[in-house]
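In the two complexes that follow, chain A is the common piece, with chain B as its partner first and chain C second.
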Partner chain A sequence: MRIFKRRNSGEKHSTLQPVAGNGLLDRRALLGRGIAFAGAMSAGGAASLTGAAAEPLKDEQWSLEPGEVLSPYQQPSKFEKKVTRILSNPRGEPRTQHARTPHHMLNGTITPNGLHFTISHQGNPDIDPDKHKLIIHGMVKQPLAFTLDSLSRYPMVTRAAFVECGGNSSLLFSKEPVQTDVQNLHGLVSCAEWTGVKLSVLLEEAGFDKNAKWMIAEGADAPAVSRSVPMKKALDDAMIALYQNGERLMPGNGYPVRLLLPGYEGNMQVKYLRRLKVVNQPSMSYYETRTYSPVLPNGKAYRFFFLQEVKSFITHPSPGLMLKEPGLYEISGIAYSGTGRITKVMVSADGGKSWAKAALQAPVLSKAFTLFRMAWRWNGSPAVLQSRAWDDAGNVQPTRAEVVATRGETKTVARVGGFPSQHYNGITSWGIAGSGEVKHVYA
Partner chain B sequence: MRIFKRRNSGEKHSTLQPVAGNGLLDRRALLGRGIAFAGAMSAGGAASLTGAAAEPLKDEQWSLEPGEVLSPYQQPSKFEKKVTRILSNPRGEPRTQHARTPHHMLNGTITPNGLHFTISHQGNPDIDPDKHKLIIHGMVKQPLAFTLDSLSRYPMVTRAAFVECGGNSSLLFSKEPVQTDVQNLHGLVSCAEWTGVKLSVLLEEAGFDKNAKWMIAEGADAPAVSRSVPMKKALDDAMIALYQNGERLMPGNGYPVRLLLPGYEGNMQVKYLRRLKVVNQPSMSYYETRTYSPVLPNGKAYRFFFLQEVKSFITHPSPGLMLKEPGLYEISGIAYSGTGRITKVMVSADGGKSWAKAALQAPVLSKAFTLFRMAWRWNGSPAVLQSRAWDDAGNVQPTRAEVVATRGETKTVARVGGFPSQHYNGITSWGIAGSGEVKHVYA
Partner chain C sequence: MSTRRIAAAALLFTLAANSSLAESPRLGKSITEVEIAAWDLSILGDGTGLPSGSGTAAEGAAIYAQKCVACHGEGGKGGNNGAVVGGGPLDRIEATKTIVNFWGYPTTVFDFIRRAMPWQQPRTLSNDEVYALVAFIFAQNKLIGEKDAMNAQTLPKVKMPNRDNFIVRFPKEI
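Presenting the complex of A and B:
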């Protein structure tokens, strides 16, 4: 029996042309013939398999016995039990609870429902959908009440949309880089396919006053989370969402009905929606005047800063995902913009000195996650990986320096779980050490 | 306090122009101003809410107490516990188990992972991903072994794709319409976003023989399900799939790695994939020569009938979903084709006498679920609803009569759970009774 030698993938590819500094490569070249990309081993010990009458593989125990009975609602393998949301307040003490999405362990444009992020100010209400109503009232010809049954008869629309907390990534306001992973840094954004009724259809039916400028949205959870929404947005792409990735909304994402405002900060997309009041001025509610009106370095505060701006971050590699050896890797990550479609993502492996254009996974959808991918040959030396995104309105993701110049920086190192400020959309940098370890750095 | 009268939505819309017989309407007209689509009630008892200083709504219990603590991996609300897969063999007796997707309770192009259909011939193997290997061997320059870790370093691709069992919908081969719901009739098809490595990249790396015409794919489950796959398909859009809707594959869908062959029958898309052997002739394995070689009325049998052809069915309304009263409804459903993109879906409300073009939800993706929607005013008389799909290769979904003429019909009424034959892609008809009850009919 021959034993094949493990090939040295680093050596074979010296002919691949770099597209930017420190080993960034044209991704298409890696999809061609004869590329030993990522350390596949020759089938050592399996040489006898090359013949036409191959010997059977060695059977593991699971190939020798009947498997598990199917379940009515299937769950991930027990070997994936570490792939969970991180909880900020796992005992549910009387303060806000956060559950963050593990982006470094996922791969796709959809966040599976079990792992969609949640922020809850007093836990998830256990709402009986048969008793829940949505009221539209205020400056309307006729106030209307909708049961879940009646909403289900309206024309439906389906779209992908990311939802992001205004405080996501706020640890990057810290004076020094907080040493944690992408889940703690950026885990308060997720993306799902939502299905529901266009809000404009319901507002038209109620006969809203054309002079109304605002709408107050209120949830049925214990704190009755309440936010002011411009009528312009309500009449544009706002949705009364009933389904999330095909099934009814998750309890942590607004079951049985939420307001979806694609591209706007998560807190406005009121969960457990029970009423919409059409008015002519904003309500200046708790969340919009306190949490989501951050004070800026110039002493002023953002007021009604709704948009989640163009942003990207690398998920593979990222802290916790070790590079085991020099060689070829794929750098990949997520980009999105509350304004529209992602048009370009640039990647750097030398801390921003040189950049190359990443491949974007089609279809690229407005206000939804877009995956970007870049081929990279790591030579084993220290490197700094960054990504930077552009959207179809011409917006470009700012550097960290640009963000903190306008939005502030903490005087000390922020703690994990803290929210030094709001609306960080700057560049994230991952430092790769010679050992292959990945750390959060500023560059 | 004024009590508003419930409006009669049927009467208000007599000016809407029909687009086909028996009440089919232009959907766009229903998205306009002042349409009372689906029986929203005036906010009777809530008249005091019309003022600027609205009285608070009556609080239900869940608005008065803290909610439930967030969980690391969230689950649907307990009020959705009926939304599950139907199991054909819930005790896991030593025969095939089926778990069918409840399409009538879902809405979207994505099947959530908990509800993706599964067929398992000896239960789900409980595979340790650290011990699992995928071998590529046979007519290759160098056989290769891939661990899950090494596969994870390859360039990834992401795409939506439906997977459908060749036996899905086979109850429609029954001589008389089987009285059951869309889950039992059509529940062996689902659609997910899959992420993994293009198989062509791995075959190139192994240096496959260009004269090889076939590849044998084998699973690591107890029956070692084995199928022959044309190399042409393997080199086209075949994927070694690792992720399903962003997270690792579900145990019932091939964890930790499956072969994805977009548009081909589900059984070929071997789950728990442990080897691919490149060969020059098919293996004539159990499933391809027995189950998936149905005998036809002309005495011949289909051999290597791989494609899941263009198809559609209405999910709303469908059996079990009662129409409560005459009025406006949205008819919606799912269309897909193993050949490519859906280009058109026509809907009939009079059993095929007249047809109107349904709206297709963008983006329309190749070999993935496409949602179609049609507005309908039900006048309370009996009606027969049908849908019919076209794809971008010009294929048209056949009538049931056309399918049974070429592929056969049972002599007696088929039983739920039986598989009279394979590859039914004909039209499905729902009969609406005057009572609003929906039944499976042939028309």
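Presenting the complex of A and C:
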């Protein structure tokens, strides 16, 4: 193994000291020069990277002729065709549609717009932005109507924020681990840079009643999706978002205008936003009192969950990505919290017996994706990889056992695409077999 | 601190707090609640916002057979889409939630049908039709009598069996 050769070569070996069981290495190993990563995890079965036969280099055809004409709106390379969202209802049958983000095929903190997750209860509406209006009324001095044109003239703010469905990761409530990949397990969360108008500015302009505790947000889509939002949140960091990663919102993410409530349940961040009504009590709408109210083991249910609590999961390696041979690898993944900024991510390679601190990629932003990385020398024997996150509000990602102790688990094994409950933020475990295959396990 | 300095500090604070307002171009156009009425679908938990109109289970049964049965099944027992009548015990976290075993507020049933159903033609039902459908669903679920009419006065008083089984998860956020 390279790691021992390096030690023999007389370089400082402190950077390669194990920091936790089963091969986790000091994070400075990530920065070290001259370390050969046994490398790539891949879905294919290409030849070993380190053992490639030496052949004289030659120019390929693409280097010997002019390339393709540019397109006005560019698409990824044709070799990236499989990097797509998984659709739960591709024929648009009368039920909800889900499109899940392929986290295991991405590497960054911002989700490309075409791959941002979408849930649509009655399809994406085809809204003409010139005709769309946003109304603010109810407990206000003067009800107001805004056009897209007028909103575009307000002072704008820009921030990164993840958006997560309240039902994301809920397959982990299954009494047995559901065998699928990170996209099916955790694909209903994405992160983008959003630009828009601070909602408080518009509420002030309408002269909202200071005694009002709630605001009902409603969309212009077929089901007129409607959620009650505490005024506290509306006046804090809520945004009327117009841009997603620099361009206008995607139709599946609320074109032409959505409510952004950083850190809150995705369904509350109403898309196609057309009406805000300031009120003195919640509406007890379908999605807040039925769909996103999870049942507890004693038959009672939580209501007004609001927050997407601190969570992390490993994306590399993860099911579907084989480890081809023993050697040095980088474990990486995503951490985020609806209650603040990620302060620490710990990684374990022995199913939680020992832990080491992962390196966090700067910048680490509140209520946005944070990338973590950990150096790992896989010795070819079975291992269980886990990650666990902390945030600056003092919240800790729970173990799965801790989640199950209060929230319960299913009596029958859940199926891929199902939602046995909502709001799972516990630890995810990947079991690495001697063959290099990665499976979803409970540990 | 002198009174004057306190006043100055207070003024500064006000300016800072309102700085976003000061920058606002104030482009919202005045509109009246009358003009908004057609869009104002909000019904609150206590029944505020329920429109005028009325309907009975018998009327509702006929509308159901025409506009709902294809997806929600005979007698509301469920088909391609969920049951609107009946429901098992909440004896597991993955239990199927139904109107009678889970929904806490009768107003939600009116609100959801009015805004979202029937699935292919939302907001095509009259208020009388929605009241009639709610009466039909409630009567089938034995939440009201066969002859009870549903309207803005009677509907909010219907007692939902699961009403008191909810816990606010994050009260500090409200």
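The criterion applied here is as follows: the second predicted complex is superposed on the first by the 406 of 443 C-alpha atoms of A that agree within 3 Å, B and C clash if a C-alpha of one lies under 4 Å from a C-alpha of the other, contacts with A are read in each partner's own complex, and residues count from 1 in each chain.
By our rule, contacts are C-beta pairs under 8 Å (C-beta built on N, C-alpha and C of every residue); 3 or more make two chains touch, one makes a residue touch a chain.
Everything numeric here is computed off the predicted structure, so don't read it as measured data.
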| item | value |
| --- | --- |
| Partner chain in contact with A:G123 - chain B first, chain C second, else both or neither | first |
| First, second, both or neither for A:M322, with chain B first and chain C second | neither |
| Partner chain(s) touched by A:A222 [first = chain B, second = chain C, both, neither] | both |
| Chain B versus chain C as contact partner of A:R95, first or second or both or neither | second |
| Chain B versus chain C as contact partner of A:R153, first or second or both or neither | both |
| First, second, both or neither for A:A393, with chain B first and chain C second | neither |
| First (chain B), second (chain C), both or neither touched by A:V201 | both |
| Touching partner for A:Q142 - first (chain B), second (chain C), both, neither | both |
| Partner chain(s) touched by A:V279 [first = chain B, second = chain C, both, neither] | both |
| Intersection of chain A interface sets (partners chain B, chain C) | 94, 122, 135-137, 142-146, 150-151, 153-155, 198, 200-202, 204-205, 222, 224, 274-275, 277, 279 |
| Contacting residues of chain A [partner chain C, same complex] | 93-95, 121-122, 135-137, 142-146, 150-151, 153-155, 173, 198, 200-202, 204-206, 213, 216, 218, 222-224, 226, 230, 232-233, 274-275, 277, 279, 281-286, 289-291, 293-297, 299-307, 407-412, 414, 418, 420-421 |
| Residues of chain C touching chain A in the complex | 18, 20-21, 23-33, 36, 39-46, 48, 71, 80-81, 89-95, 97, 102-105, 107-108, 111-112, 115-116, 119-120, 122-123, 162, 165-171, 173-174 |
